[in-house]
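Take a look at these structures.
In the two complexes that follow, chain A is the common piece, with chain B as its partner first and chain C second.
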Partner chain A sequence: MITRQFGSEVRWMLRRPRTLIGLFGLILVPIIISFGIWTASDEGEGGGGPPGLGAILQGNGMVVPIFTLFLSLNLLLPLVASIWAADGLAGEAQHGTLRGLLVAPVSRVRLLFVKLFGLTAMSLFAVTLMAVVGIIAGTAFLGTDGMMTLSGTTLSTAEGLLRIGLFILLVTFQMVAIGAVALAVSSTTEHPLVVQAATMTTIIVFQVLGQFSSLDWLHPFLITTGFPGLIDVMRDPIPLGQIGDSTLLAGCYLLIGTGLAAIRLVTKDS
Partner chain B sequence: MTTSTSAPVTAPSKTAVAARTRGLRKEYGSTVAVDRVDLELPEGAVLGMLGPNGSGKTTTIRMLLGLVRPTQGEIELLGRPLPEGAEQSLPHVGALVEGPGFHPFLSGRENLVRCAAFEPLLPRKEIKQAVEDAIERVGLAQAAHRRYRGYSLGMKQRLGLAAALLVPRKLVVLDEPTNGLDPAGTREIRKIIADLHAAGSTVLVSSHLLSEVEATCTHVAVLHRGTVVAQGELTELLQAGGSALQVITPDVEAALSALRQAKISARPLGEGLRVELAGTSAPQVIETLVQGGARVFEATRWKTGLEELFARLTEAEEAERGMSAVDTLDGGRR
Partner chain C sequence: MNKRKVTLAAAAAGVVTGVAGLGLLAMPAGAGQPPSLPDVSAESLVEQVMTSKPGAFGGTVEVDNKLGLPSLAEIPQLADGKHSARIWTDGNGKFRAALPNGQSEQTIVNDGKTTWSWNSADNEVVKSEHKADEPKAGNEKAESVDPATAAKQVVGMTKEFSDITVDGTARVANRAAYELVLTPKASEKTLIREVRIAVDAELKMPLRVAVLTNGASEPAGTVGFSEINVGAQDPKLFEFTPPAQAKVTTPEAKEEKGRDRGSELGIEQALQGEDPQIFGTGWDTVVGARIPAEAMTQVPAEAQGLVDRFTKKVSGTWGSGQIFTTKVATILIADDGRVVAGAVPEQVLFDTIGQVK
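== the complex of A and B ==
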């Protein structure tokens, strides 16, 4: 029964015009990045990305998916996660379809897990899609001689793919954590836009707060603080400290978001 | 079925109830939407829930379906308490509440498939057939492939009904089912309700269309200002509510004083009187009139429709409230 509900949820999300448009937008990112670096290197400018990661992009197409996801995690992927979370509960409430599900009946806790599953599956799908397009576009535009790491070593293609796979999982997890918090917001309203606005405002405010060294004590609690550390997958060997911290922090957000959403949903009148 | 056994007659009425509420109360902030609602929905009945806008019909229905938590009171749905027994009872309940809710970017058929995926009683293999049957049943076959976005109000309503009827139900709850339907559509809804009734399902219909309820329902519950002011079998209620006698007499004064002495309420109306039969009977009234020296030319039983009953139940209280408001105003002046 639950697999059927999971299936229905993912099919429903995939059928949404805005999901398709969103996914199309997401795959443009690695293509544009590859193209941009290709033209930049043609003109001999030495890549447009930030120092470090950008510098190793040339002749190194396998880094494009990592670079793409790393860049998108700051704004684009949280936006997509917030849209799915917003449509999941607030959007269903707005269309009156939430009532239908609850009367079917789907227990409220199970409904939350169905929504969380949909969010996870779609996030994984979107991130993987971006990575795959990144690999293709990267190798097409920039070529590949294995994968050069930030530590200066070069990885074999197989090992490079493994790193990309690991990064996909890490980024997806961050996205799901943000989505879970957005779901908690989503359970309190029937206006999807409120959910998106609240989530994106939070992400941006967190990033601004992260800039002030006087707020050092706050930084370990901001999910955005963990984003830059994820790039450690591009070091050889991988230092696990920052990656572990980021993932742990995201896990806390996931638990708190899910918990709040469950509490709200169980007592909600609809 | 005979009641030859020693089992008391009250036993069936205790078990054969599809839904029951006790002392239901719902507050939204400081406003009380529903208060002291004791509703009884006999099994196999078609209960019409009547009430003016804002009388608490929809709130009561939403509480019955476990969508809204009552502030106070108990609900029993198909023999199980809510919300604890929701997972057992709700699969047998089909509902169209507060207008149909569907996704605009999916076709009617796809919307129903999504609803069907969440129906616990529907095996995966039967989903397709159940959806087609439901579409057929509500007469939506022509439009099933079109996007819900482009549906007319009547088509939306039909789709909502189809979702409620995806699985054979023990109880079907329809909140204003004929909203936006043309006369033909209204007739079809009546037929569907009649079919459900014939098949033994219990139906709860809320409506503000009295003719609607009168035509389809066996039982009626009248809500007013968030509470049940009358409920029971339609015929009984109409008899009870309609006990008035229209008397044609030229001696209105004499008749009124005679009736007043006998403590029978009456008021002048047209060429004679209208006499309330509460606590008395027609022969008794006529006897009183004749003994009081009033010539009775004609006496007719007042036939009340649901409309009059409804007006009496909801407006009488309105008048009372009006008076008490004046009283308090006077009190305040003093």
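== the complex of A and C ==
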């Protein structure tokens, strides 16, 4: 029963044209990055590439998926998560279909979990798609010989794929946490754009606040503070401290978002 | 409806748990109850620290720095703020250190024959092969973040000039430790009030060093393990193969390139140079040197700007120059190239600089 609902939710999401356009946009990112690094390498030695992870991209195609997801996590992936969360409840309310779901003999908590499942499945799908395209584009444009880490060690292809898999899970979890908060907003309005605007504004404001060292007491509460630490996946051996903290931080947001959305849905008049 | 109430309560509990979790994550880890350990005399603890031979271990070192140093591109880990580094050693001179700097990382590996220094920011490996008689060469920079080594040096240099006490116990990196406190004797003219060293009760290996200065209750600097596991480490950690795409250079070539880095390096080199002149003993030791005249005039404009920003112009019977003050050290650079530095107030430097040859 519930699996059928899960399945139909994902089918509905995939059928929306904007989902497909969004996914197509996402796979362009790793292709553009690979192409950009490749052309930069043609222009000669060390053309002042991007800092951090970007510095080791040259000839190291397996890092492209990680680099792509790491960059996209700042804006693009939260945007995608917020679109799906917006469509899930506010979009249905706008089309009048949510009323039908609320009066249906299905528990509203179950409705929320179906929406959350749709969000999770689609996030995982989008992130994995970006990673796979990243591996292909990175290998094609930049070549690969295992995966070079930030620590200067070279991992075998299998180990490299394992790291990419771990990073996919970590990034997906961050997306789901943001999406859960967006679902809470989504349950309060009939306008999907309000959900997207609110989510993106929050993410951007968080990132701006994160720049002020005078506000460092606030930083541990911001979900965006956890993003940079995920790069530890590319260190060898992997330090688990920051990765664990980031994931726990996102878990707190997931609990808060889901809880608020549940409260709102249960108390909502049909 | 009862079911509805249950759902609401569960949802509310979820929200509360999430908020509480955020609060918990934001809280600094508590120090916990200090362990109770058998009494030990200060003298024997110092003796044990100096003779202890830490075996193999791996761990994470946290550096909390409030010294007021400007950030140097060379050693970002020394800039004010919190930094962490991971170090591993096999206890026999092989060593690995990973110094993260934002999204890049510097890795230093001493495999017993060669020291490799890798920097992901410029995709470059500096390879220095050891001469036969210096198996530990090239470890200085890596070891500067190792609390065990740092503490031993402090104790070795100052134990004759300090009152040494054991001040209770502490828990560091989940290990029981004694707090060894070195207080400079009253005759020492130093900025430092005391140095607290947490010594592992079992291994007698220093786990944390905190430097407290006069007039401040918080340490000006702390170097300590936040995590340590003692025992044999993966031997693979002490091997390094330069990545295929990396440039491999030697320290000599690297130095050639960095020659025009400006005065800061000039001072550093002068103070570490062939024969720095040492004045005094103990805590108020002053190191003096003379920067060659050409190095003084070769300072690029922007480096000069940097120097001016962090220093104060001073003059006296000894001449005139610039003074650079941090909480734990003072550096005086005279306009004629004489440099003196020490963990002392500026007056001591004014009195000493006349003796620099």
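Just so it is clear, the second predicted complex is superposed on the first by the 264 of 270 C-alpha atoms of A that agree within 3 Å, B and C clash if a C-alpha of one lies under 4 Å from a C-alpha of the other, contacts with A are read in each partner's own complex, and residues count from 1 in each chain.
Keep this in mind: a residue touches a chain if its C-beta (ideal position, glycine included) is under 8 Å from a C-beta of that chain, and two chains touch if they have at least 3 such contacts.
Source: prediction; values computed, not measured.
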Subject >> Winner by number of chain A residues touched, once chain B and chain C are compared >> reply: C
**OP:** Go through the superposed model and pick first if A:L102 touches only chain B, second if only chain C, both, or neither.
**Re:** first
Subject >> Partner chain in contact with A:S156 - chain B first, chain C second, else both or neither >> reply: neither
Subject >> Touching partner for A:R4 - first (chain B), second (chain C), both, neither >> reply: first
**OP:** Figure out whether A:C252 sits in contact with chain B (first) or chain C (second), or with both, or with neither.
**Re:** second
Original post:
Of the partners chain B and chain C, which touch A:T201 in the superposed model: first, second, both, neither?
Top reply: neither
**OP:** Please work out whether A:P17 is in contact with chain B alone, chain C alone, both, or neither, and reply first, second, both or neither.
**Re:** first
**OP:** Using the superposition on chain A described above, determine whether A:I263 touches chain B (first), chain C (second), both, or neither.
**Re:** second
Original post:
Touching A:T39 in the superposition: chain B (first), chain C (second), both, neither?
Top reply: neither
Original post:
If you lay the two complexes on top of each other, which residues of chain A touch chain B in one and chain C in the other?
Top reply: 267
Subject >> Touch list for chain C against partner chain A, complex >> reply: 4, 7-8, 10-19, 21-22, 25-26, 60, 86, 98, 100, 102-105, 107, 116, 118, 120-123, 125, 227, 237, 240-246
Subject >> Complex contacts: residues of chain A adjacent to chain B >> reply: 1, 4-5, 7-8, 12, 15-17, 95-107, 267, 269-270
Original post:
Of all residues in chain A, which touch chain C in the complex?
Top reply: 46, 51-53, 55-56, 58-60, 108-109, 145, 148, 150-154, 217, 220-221, 228, 231, 235, 237, 239, 241, 245, 248-249, 251-256, 258-260, 262-263, 266-267
Original post:
Which residues of chain B touch chain A in the complex?
Top reply: 62, 65-69, 86-87, 90-91, 93, 95, 97-106, 110, 113-115, 117-120, 124, 163
